[in-house]
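Note sheet for the following structure.
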């Protein structure tokens, strides 16, 4: 276990103490923070480890939300619904990945982006099953107090985050992770040395979808009402990429830090500059990409300190 | 080597914690705060503007009279607006923020059935009485919530009288084509229309939904044209209906009856569509020609119309009236309960059975009003003319939309 | 006859789609950059036409004349100063960068123009022509004709002028072009400027037919994507082929499957093409 991965786990444990600091609203933000971290970690598997720029996060999120929502509406208890979503999304993504990951670069990016559109419209039109444009109503899981409810969802999302982080860490030090790293560096060569690139890539794509989908399911249970344009929002695909870029592509600790940092910024900007908040996000992206292409984690704080001292 | 990561970790934690440091506003003494999340920006912005006008007029009138009488003491009205940018999850977030951080006493629901439904869960959790001023679909009220009330009657109260009139006044109409926006209210009311049409012996030759933000309807309209229906029924919001009407004109589509919901009631629609708005029929929940004599702060409908005209220089439409009515209903409930206690006010709302400028108000057990008799109207000479109910009828139905 | 009407609708719409996509296709084909600001450029062009008509009574055709150089300059500078820094970076970076730029431009437009839909209504209104039971609105016809004229102009530019041929050379083989003495950096900027100019002009034409609002930019971008993948990158004929195919599929799909499914169909088609024939109908196998 590298120091970075250890630090990641410590960070996650610290986050668990959030309820001590704030009330229901803080818990809401905390739940979102965990959700964003799950997105970033999951994206990192296919985008950072394997080097395939996937824009399909929103598709996994939306599908997960709807699968869980429909299951819950049919009386399936929450844990079973989430487990079902997890398996369904993993298998589905592996299958889809086998087809789509034959594309590279731009074409893969666009194909993954189109997935979001296709699934959104499919859900939109399956009115009898999903309510279509009228949205899906999910019953209140329990009528316990607000704080208890908020705590439940916070810890549920946090638990999912722990699971995601553990799996990602295990992948990063395993043969799968090593294979993905080879694929990222030179896929043709990896193929030639006998690596089953299709299998590895598909599994990576599957992993990038199952946790996000389960988070989507939790989200649906949390907000009680989802509709296609809300959960299949392209921004859910772009934000994890920005978080990963902010924190440092490829490094699990980096992307989680990026996720928390991004959420903090988003809350501050949205609270105070609501009219221009997407513009601010745009500026952030540009600054990041032009000046810090390897993310915060590449910043040498010692160098910055030295510069400041000599300024 | 540990330093960069440590720095990164601490930076992100600090910033995340910083977002929690929100100063809570000092709550003023003699003020009742009403939260009003609205889509002030985004595609539903025109609808939000209408609601704001209604709320502001009511707040102004209430404060002119010294405020709301709570058990002998007068409290001023303050409306707290929030912009959720026509994005439903944001409307939910803003609702929670208003309740937990802005210390509002009561809530107005966000615009439309979809967002109202989503946000109602929050107000139900926090037990804050909420009046939805623009949510008509019964799907909004089917969650057995106790704290949600709505001023629009269910969608079938619009489609039933409409179908009745067409059946009576236009006996040659046999085939109906229905085109609905794939969104909560427009689709729900289209489904009601289909039911109503079939129940009255019409043949529904076409029923399709179009995606939100569709720009080009030419293929759809060509197909409808080829089926030659005598009645074309389209649902959507103002922008969609204007676009579809224009493309209908482009394709030279004519029909004896064209009904559009929910745009023709608005002045913007009539002005922008110009000549092509002539003879388009529609239905809504209220019309300035109503002659109710209410016990609320506005009293007679004509008085409300007069005050609205004086402030905004235009006739009020049903959305603006509904917003003002929601405020007036809160006022009546608070005064009846004699307190600001949320449960007491909630009970007062549930037991209301009173005449207002908006119409007779009585909420059903699911919180939705069930006492209104929605008017059916038609645009004639660039004005909405009421065809039904008979008590306020202003003109006769005219056939033929070019 | 419904079939003929649908066909004519599709032909007209297809040319408009081609016009929307051609600038996007050029930038993608030559610079290998997916320009996500494209949709917002189109909307900005539409606002320009609307504003010119509203306040200065300048007819949209004259608006074309000054929209083109304006957008060209804007695009040229944008590429030279900003995008050029990341031109050789992996696709993730360029895609996200243009996404960020688009967020800024879109937000700025919403802030200044508000999200309300504006309509450029020509007075007197142009009406529609009816021939053998087929109706075509005149404003679309005019826009289509102008769109075809624009694409024709671009075609001539690429074939006949020195700059145009340099652009084509860079698209075919960047390294060979360098060896031939082409200043690739400035060609990149010219191509991007050209793409922006085409987007701006497309916007002016769109203003005649569709409502104008920053919210429509993603719809335009989506169409541009699909047209490029279907037709092939970097060429005028590709854009036309892709545009016509898309419009036909949407029109026929709308009649047989219902309008709700038309968009789904176009994106499914996109994925099918990406997997089966990534170079599109008329494109060459090239960049990854």
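Note that the chains are named A, B and C in the order they appear, and that numbering of residues resets to 1 at the start of each chain.
Definition applied: a residue touches a chain if its C-beta (ideal position, glycine included) is under 8 Å from a C-beta of that chain, and two chains touch if they have at least 3 such contacts.
It should be emphasised that the depicted structure is a prediction, and the values quoted were computed from it without experimental measurement.
> Would you identify the chain whose Cα-based centre sits farthest away from the centre of subunit C?
It is B.
> Using the touch rule from the top, work out which pair, B-C or A-C, shares more C-beta pairs.
Output for the comparison: A-C.
> Taking the mean of the C-alpha atoms as each chain's centre, how many Å separate subunit B from subunit C?
Chain centres of subunit B and subunit C, defined by C-alpha means, are spaced 37 Å apart.
> Subunit A to subunit C: how many Å between their CA centres?
32
> What positions in subunit A touch 2 or more of the other chains?
Expected reply: 121, 124-125, 275.
> Could you say which residues in subunit B touch two or more other chains, in rising order?
In subunit B, 41, 182, 209, 211 touch at least two other chains.
> Would you please write down the residue numbers of subunit C that are in contact with two or more other chains?
260, 263
> Taking the complex as given, what residues does subunit A use to touch subunit B?
Contacts found on subunit A: 3-4, 7, 11, 14, 21-26, 28-29, 33, 121, 124-125, 127, 132-135, 137, 139-140, 146, 149, 223-225, 227, 229-230, 247-248, 253-254, 257-258, 260-261, 263-265, 267-268, 271, 274-275, 296-302.
> Could you list, by residue number, the parts of subunit C that touch subunit A in their complex?
Checking each residue of subunit C against subunit A gives 28, 32, 34, 82, 85-86, 89-93, 95-97, 99-108, 111, 218, 222, 225, 229, 260-261, 263-264, 267-268, 270-271, 274-275, 278, 287-288.
> Taking the complex as given, what residues does subunit A use to touch subunit C?
47, 51, 53, 99-100, 102-107, 109-111, 114-115, 117-118, 121-122, 124-125, 234, 238, 241-242, 245, 275-279, 281-286, 289-290, 293
> Along subunit B, where are the residues that touch subunit C in the complex?
For subunit B paired with subunit C, touching residues are 41-43, 45-46, 86, 179, 182, 208-211, 213-220, 222-223, 225-226, 239, 242-243, 246-247, 249-252, 272.
> Taking the complex as given, what residues does subunit C use to touch subunit B?
2, 5-6, 9-10, 13, 110, 114-117, 119, 128, 130, 135, 137, 139-140, 210-211, 213, 215-216, 219, 250-251, 254-255, 258-260, 262-263
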